[in-house]
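In what comes next, chain A is part of two complexes: it sits with chain B in the first one and with chain C in the second one.
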Partner chain A sequence: MLLPVLFIAPALAVLLSLSIYPLIYSVTISLQQETSAGVTWSFENFARLASDNFFLTAMAHTFVYTIAALTCEFLLGLGLALLLNKQIRGRGLFRASLLVPMMLPTVVVGVVWRLMLNPNFGAINGTLKQLGINTESLTWTASPRLAMLSVIAVDVWQWTPFVFLVLLAGLQAIPQGPYEAALIDGSSRWQTFRHVTLPLLKPAILIVLLLRTMDLLRVFDQIFILTEGGPGFATETISLYIYRTAFRFFDFGYAAAMSFVLLALTSVISAIYIRFLQAKEAV
Partner chain B sequence: MNHKDTKSTKSDKQGSLSVLRVFVVNNFRYALLLPALLFALAPVYWMLTISLKTEVDQFASPPPWFVFTPTLEHYYDAFVTRAFGQYLITSAIVAVTSTGCALIIGTMAAYALARFQLPWSLNRRLSLWILSTRMFPAIVTAVPLFLMMRDVRLLNTRASLIIVYTAFNLPFVIWMMRGFFADLPRDLEEAALVDGDSRLGALVRVVLPLVAPGLAATAMFCLIISWNEFLFALVLTQTDAAMTLPVGIAGRVTQYEIKWGVMSAAASVAIVPILVFALVLQKYLVRGLSMGAVKG
Partner chain C sequence: MRLTIYLTLLLVCITTSACSNASKPGSKRLTLAVVSGVEGDALKQAALDYESQTGTRIEIAEFPYINLFEKEMIDLKARTGAYDLIMLDDPWFPRFASEQFLTDLTPLLQRRGQSGPDSDFVETSVALCRHPYQTGPLYALPYVGNSQLFFYRKDLFEKYSLKEPSTWLDVGVAVNTIHLNETAGANGGQIYGYVMRAAQGNAAVADFMPIFWAFGGEMFDTSGKPTVNSRAGIEALQFMRELGKYSPPGYASFNADEVGAHLLQGTAAMSINWPAWISSFNDASKSKVIGKMEFTTLPGQVKPGQAEIGNWLIAIPRDSHNAEAAMDFLLWATSAEQMKRSAQRGNPPTRRSLFQDAELVAKNPAYPAQLRSLETSRPRPRTPHWNEIENAFGIFLSKANSGSLSPAEAMNQANAEIEKILQRAR
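Showing the complex of A and B:
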């Protein structure tokens, strides 16, 4: 009985001290107030949240970003997976090339798209100009109207390949039997897709949506590089606002309080997904 | 005779029709796939060209996609004149060391979780708890980790990043390796145990060689994750001596006067090891990216 303990103990020690202890630390600083009379305890940091417009706007941005990017990535990824779920010439090349964006460091993705979207010498406006389109108002990440659209498009560019890859693996794991049955029944292509492919693909769909939702809700890197949350605060999501609060204003207590809201949000949403997943497995 | 002729032309017609149909369907596929391919790769290619262009060509209009005079001055500027060479070394040291630590600690835990029957269904509970620590948004732990590292005076050191990345990669290693161990038949170890090997001996001599491909794939994933990581590195390292390549690049992006060539050169170098690993990892990509949830 000693051996398993010896094997697991180091991992538990690392996780307790570097994942769990930081959370406890975070709870204490979020509840502490430094006043002239010393340290007092209160829920003030949490009470502030409800009336903080920056916080509410950042939450709204996070939801818009998550829902828009998730929808686009899912539909495009599913489409690509269906297109490549056939033995066609050059399939390996397509698959490998489509995966490039998702392997890149997010910082590099930020650099790539700053170069593409730059209003003066970027490839996008340069190409549009060649086609005779007036690009004066197309300032992308510098425009309050287009900045959110731009950062969403960049996320779709980077992560559609991931959705594609997981769904393709899911499609290829589906046995041929149900398809042969559908063929004998004389089902149309749409009926086959609707009643055979989609239900059998459901576990893969739920897993990929879960993983993407978690990543989208906490998005930080690309937006930090592309816009730093700007122009103004037009693309400031919750992680960026927490970062600004902690490392620009050094209000660690308030940043900790906000991070618990984000943690609660991601926990609840992942619990819902997992409930769906288990319901599927039970059937 | 006559009858036979009509029959053969009919089947020829059907044959050519179905060939035509396959042609249209396949080219319809290509007509959709080629733009997707272009869309995925063109931006990266554009960055590579910027890193090789003189400043005149960088700002030229219309943008030169293919025809320009290549130069390596930005690479020289970034890695010799500026400190990017040092960031690169830091990134490599941090990624390799943290991956090594996470692999050793994680593989042991994974083996125990996969093979020993723990009381109170701890196998399942511990595994799920370990997975849940990985689900914390990075910014949630970044704030307290910054304060903790400040308290123990480890800010702006490579050690702080090695420690944090080890913990960050640990749940991933445990979940991946647990899956690889579970895929192995138990008989092999049991035979070794019967032959008088100790548990540890069976693990080292029999089990580890069998999971070596999985171990290698897991290691490469950890290297990629550590190499790409940005938020913890940004928060914990702000000096030239300690910052990683992503933080170094980001620091140049958010300055007012941006050296586009230098930045692109550094970013282009940063993607080289990643692409090499990704090619090797193709087979394990789905499994790794879904934490073992989908065994592609």
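Showing the complex of A and C:
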């Protein structure tokens, strides 16, 4: 009777100490206010969210960043997976080289792209100048119009290979039978893709979208290195704002309240994906 | 089974002792939190010398600038007593001191027969170590005496017969002349008239404050209300944007590295910068402007020019278990003899005698200008909420410099945001 409890005890202890306790602690501090009279309990931190323009703007940036990067990564990853699922020359080399960006640490990617995007000494403007293009207005991470585009492009460059890899694995797991049946029925390439490939690839698609959405919603290191949220808050995402609030302003209560909003949103979006996934499995 | 239990206990003991780096009360061991880089390196070296001279063991906990504040703050709030001495950037001091995290040094000095800090320390540096500013008890001693300087290319100033700028108007004239002749003119060069840091946050604020003060701007009125959107403040930001037109493209995202790179590559003629860069200009492996740079105090406008002071201080946390031993080390490390060694390792001193030391001046020709700058410098507003205020102010300065907002809009919104921060703090 005692033995099973002993077996699960280490896992339970890890779960309690690393997940449950920090969660309860963060709930506690999100409901606390430090005042000159001492610590008071209230929903003040949550109420403040609605009137904090920085928080609302950072949330909007996070959604723009997530939707744009996810769309590009998915379309490019799917296209590459379909292309490299065929027998073409140099397929192995293409596949291997495509995976390189994903293997690099995000901080390294941030530093390298920061140098490449430098408007004066960077490789990108240098190349464009060689091609005779006027780069005077292409200030990339310094431009309020181009900064968000630049950080999205870097994410797409680094993480499309991951989408490609998962979708390629999904494609290779599809049996040949349905394709042969579609061929015998005389379906076109588009019809085969629409009615055979896509439905059978749906679990892989949902999993990769789920993982990438969660990663994109909490993006931090890449933007921190590339722009630090600037210029003028143009690329500040919610994780950066939470970090600043917690570790620069030392307002842990408010940072915890913002983290809960992010957690709730991530959970809702994940639940939707999982529901789709389970609906597919039930068919 | 028994072996597993013993091994587990052993592991717990090792982990516990490794995590607990707090010095034992009365032990001949001190733990020192330092910043990575030249400022911290000098103190680390001094700690090694002290260890070999006195036998006091000194453990160094070194952190990059960006992490040092949070590490120290976590320790001070949790009252672990992990550090006996901490290096801190002066804008952090009001927060640490107002939350009573630091040891009052006066009783420790009195026990050593001193009534206060050595009069050789520059007054503006010592003033930073008192809370309230300038008048309150002493909670730290100044170790690295940084204050901003105005950097300019003397070869270009001589070439176009320009005088050393004493006002921002002079800077405007010089910038325009260099732009016409070197950036856009017949010489077809790529030397920009000016380069500045305008990345959001600390960078934009640090480069703006000397202009803001010179134009007569003040962040707060006498009752503590924010006044950044005064007419002087808006004019100062308009002037900053004008300078931006003569800066390299993308200056709105520039931090110290980009500004340094432009100056070292000889592609910018003027800048506000910190003394730490001076030695690189004569390093042939980095610089294309050897012997061409000159350094002076900040220009004025309606008010005399004032640099922003940025000293590194050393303090003893309230919960240090070895305050007496820590004080001995602090006095030793900030003595004239040891600070001279620190200066030889590249740190500007905080003692007047060292700025006038013939040997040091021969090696650092900018010392007379540095001393003048330090003596007339101003601190960032001494509020415990400076990190948050600087962040908000820096965002709106960056918005104005990147063209998202007009100077008036930026200053009005910054003022409203600072007001909100102060209201929350009340």
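The rule is short, and it goes like this: the second predicted complex is superposed on the first by the 276 of 283 C-alpha atoms of A that agree within 3 Å, B and C clash if a C-alpha of one lies under 4 Å from a C-alpha of the other, contacts with A are read in each partner's own complex, and residues count from 1 in each chain.
One rule holds in what follows: a residue touches a chain if its C-beta (ideal position, glycine included) is under 8 Å from a C-beta of that chain, and two chains touch if they have at least 3 such contacts.
As the structure is a prediction and not an experimental result, all values here were calculated from the model.
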Quick check on the superposed pair: does A:Phe121 touch chain B, chain C, both, or neither? Answer first, second, both or neither. both
Could you tell me if A:Ser143 is touching chain B, chain C, both of them or neither one (first, second, both, neither)? second
Regarding the shared-chain residue A:Phe233, is it in contact with chain B (first), chain C (second), both, or neither? second
A:Trp157 in the overlay: touching chain B, chain C, both, or neither? Say first, second, both or neither. first
Does chain B (first) or chain C (second) touch A:Ser270, or do both, or does neither? first
Output check: A:Phe250 vs chain B and chain C. Expected answer is one of first, second, both, neither. What do you get? second
Which partner chains sit in contact with A:Leu23 here, chain B, chain C, both or neither? Use first/second/both/neither. first
Does chain C touch more residues of chain A than chain B does, or is it the other way round? B
By the touch definition at the top of the document, which applies to A:Leu99: first (chain B), second (chain C), both, or neither? first
Interface residues of chain A shared between complexes with chain B and chain C: 120-121, 228, 247
Contact footprint of chain A on chain C as seen in their complex: 69-70, 73, 77, 95, 198-201, 248-254, 258, 261-262, 267, 385, 387-388, 391-392, 395-396, 398-405, 417, 424
In the complex, chain B residues that touch chain A: 26, 29-30, 32-33, 36-37, 39-44, 46-47, 50, 58-63, 65, 105-106, 108-109, 111-113, 116, 118, 126, 130, 133, 135-148, 163-164, 166-167, 170-171, 174, 199-200, 224, 227-228, 230-231, 234-235, 245-247, 249-250, 253-254, 260, 263-264, 267, 270-271, 274-275, 278-279, 282, 285-286, 289-290, 293-294, 296
Going by the contact rule set out above, which residues of chain A touch chain C in the complex? 48, 53-54, 118-121, 135-137, 139-144, 147, 227-234, 244, 247-251
Within their complex, state which residues of chain A touch chain B. 3-4, 7-8, 10-12, 14-15, 17-23, 25-26, 29, 79-80, 83-84, 86, 88-89, 94, 96-101, 103-108, 110-116, 120-123, 126-127, 129-130, 157, 161-162, 165-166, 169-170, 172-173, 204, 207-208, 211, 214, 217-218, 220-221, 224-225, 228, 239, 242-243, 246-247, 252, 255-256, 259-260, 262-263, 266-267, 270
